[in-house]
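All remarks here apply to the structure that follows.
Per-chain numbering from 1; labels A, B, C, D and E assigned in written order.
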Amino acid sequence: MSWLIDLLSGLALLGGVFFVGVGSVGLLRMPDFYTRMHAAGITDTLGAGLILLGLMFQGGWTLITAKLLLILIFLWMTSPTASHALVKAALADPDNPQPLLHKESPPSNS
Amino acid sequence: MKHYSVPRLMTKLLLPLILLFALYVQFHGDFGPGGGFQAGVIFAAGFILHALIYGLDQTQRLLPPWVLRIGVSLGVLIYASVGVAGMLLGGAYLDYGVLDSHDPMHGQHLGILLVELGVGITVASVMVTIFYSFAGRGR
Amino acid sequence: MFVATALGILVCMILAMARALLGPTVYDRIMAVNAFGTKTVLLIAVLGFMSGRPDFMDIALVYALINFIGTIAVLKFIRYGDMGWPRNMPDEPDDL
Amino acid sequence: MQILGLYNYWIFIVLMMCGFYVVISRGNLVKKLVGLNIFQTSVFILYISMGKITGGTAPILIAGKDVVYSNPVPHVLILTAIVVGIATTSLGLALVVRIHEAYGTIEEDEIHAQSEEESL
Amino acid sequence: MVTAVAAVRLRDLFAVVMLFGIYSLVSASLFVVMDAVDVAFTEASVGAGVATVFMLGTLSLTTHREKTPIARKPLLSLLVVIITGAALMYGTYDIPHYGDANDPIHHHVAPHYLEDSMEEIGIPNVVSSVLASYRGYDTLGETTVVFTAAIGVLILIGGARRRSKRDDERS
């Protein structure tokens, strides 16, 4: 039973690190602000979720798991809110370059 | 106001959790990491979040500045009076062992609890006071 | 296993820090700082398990909360240049 | 080996020198405060690193186990120092705000220039 | 560590404040590595949240561009800094090694705190017991300093201007 838990948590941690890595590379390499925002979302949801899940497997049914769950809930509540506020602020700022979508496609279809 | 709803709702959901967590840190400080200083700062951070989202006036209605001014001094007063109480009960200043005549360990527990409470009240009030000063200055 | 995870997160933190340093606009920097905070939460959680004392999740919890407050404060500052909004003005543009 | 064991002090010295450089070379008052904070944090790191024992763990006692704990005394000192540090920093920031109201600038050179003009 | 170096180079004070937030996060994780959990807790709650908010408050009341682009006398400052750093580094050769269990500081009062805390105080967190009980005077002094700082801030920028503005509106 122990090896199964280790295997599961190892897989989850590996997946989590992979997604965090993808998010970070995206954060660095994407061409403009809005696409970078998209990459950062991966870190916040899948990466954090999988890593904390892997840790939860190790924690077992204890207070630690409850706290990890709380961290996960907080992260999933706060980071979309922060992203939402961030994008709204960026869109409202006239100095900031607007998304490419508005420049390339005619505004009639949406 | 209606465009501002997502952060507002989240604040409404998060604020009780933050304050509850601050209280947990305050009173669980004997067993895990935590204590008066940290709890005070977290408590203040909760109110700062409220002030950022809902505006300073709303927060000042919730937590008026005169409460804070009392709180700032009350914390230090609690701390110092715990020491004086120890002196009155026949010990040295800030010696908590005499607070409970049966078991010195309970006295120590009680003393640390009260002292941490005093520290927490002072730190929280000081942080919110400073925030009010900075935020209220700009208008 | 935990060591590998922690190292991976560290590398990602360095990437996020590079974005925060390079970031052409202010918003890029804020986003990088936010992502950096999230990664720090994960790193602290993993470190707690690594050192064999996993009862220190409180710190990670505090990070998750405080990071949000910091981001909101920065955004608010950028948007309004003032901490005391809303003032008693009825026609304040109120979309953040 | 003799030298490598001292790396924590080197990190602390580099950080401290960064803070020191900002404080003495920059004219902006807010930046000076940030430099002072970096300086302060480097001292924190020095204290905490002195309290660390290799193989030790955090000084929260576990009943019934025989483990090495790190030294709690520096932790206590730094714990209070951080909170006092933020309080004094905010006092400094308040002074900066007052200076800005009085002189209309937060650059040290301009303040000196203005006060010299007044004294003439 | 790199953050600090970078933070001093940037001219936009706003970015400096944010980088200072990152720097605080990094140092807090460093504290976790060095077993100082309580300190990391404090640094996390103070450095990332409250300090940033206060600095932003100051920036909103003043200006957020630094005007002088480079240091006034960079060479002189750099020279002073390098000399001081070299002197400090020379001083480190007599200091005990990192993580050495035989340091003098681990044999003065710390063993007493660690061994007797359970019997005398009865709480497992030694940091709390030292903070509140063994070194109670110290903490009382610290609390008083925080109190005094709040009084100072109140005197300096507390609400004075608002009252005068209200008077203006009344008159």
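Structural remarks
Keep this in mind: contacts are C-beta pairs under 8 Å (C-beta built on N, C-alpha and C of every residue); 3 or more make two chains touch, one makes a residue touch a chain.
These numbers were taken from a predicted model, which means no experiment stands behind them.
The minimal number of chain-to-chain contact steps leading from chain A to chain B is 1.
Listed by label, the chains touching chain A and chain C alike are B. Chain centres computed from CA atoms place A at the largest separation from chain B. The interface carrying the most C-beta pairs in contact is the one between chains D-E. Each chain gets a centre from the mean of its Cα atoms; the one farthest from the centre of chain D is A. Each chain gets one centre point, the mean of its Cα atoms, and the points for chain B and chain C are 24 Å apart. Centroid to centroid, with C-alpha atoms defining each point, chain B and chain E lie 20 Å apart.
Averaged C-alpha coordinates give centres for chain A and chain D that are 33 Å from one another. In chain B, 7, 14, 17, 25, 31-35, 37-38, 41-42, 45, 48, 52, 123, 126-127, 130-131, 133-139 are the positions where the chain touches two or more neighbouring chains simultaneously. In chain C, the residues that touch at least two other chains are 30, 51, 55-56, 58-59, 61-62, 65-69, 72-73, 82-83, 95-96. Shared interface positions of chain A, i.e. residues touching 2 or more other chains, are given as 74, 78, 81, 85.
Within the complex, the chain D residues that touch chain E are 5-11, 13-22, 24-28, 30-31, 33-35, 37-38, 41, 44-45, 48-63, 68-76, 78-91, 93-98, 100, 105-107, 109-110. Chain C meets chain A in the complex at residues 1-2, 4-5, 8-9, 11-13, 15-16, 18-19, 25, 27-28, 30-32, 34-35, 38-39, 41-42, 45-46, 49, 54-55, 57-58, 60-61, 64-65, 67-68, 71-72, 75, 78-79, 95-96. Within the complex formed with chain A, the chain B residues making contact are 6-7, 10, 13-14, 17. Per the touch definition, chain B reaches chain D in the complex via residues 31-33, 35, 37, 40-41, 123, 126-127, 130, 133-134, 137. By the touch criterion given at the top, residues 58, 60, 79-80, 82-83, 86-87, 90, 93-94, 97 of chain D touch chain B in their complex.
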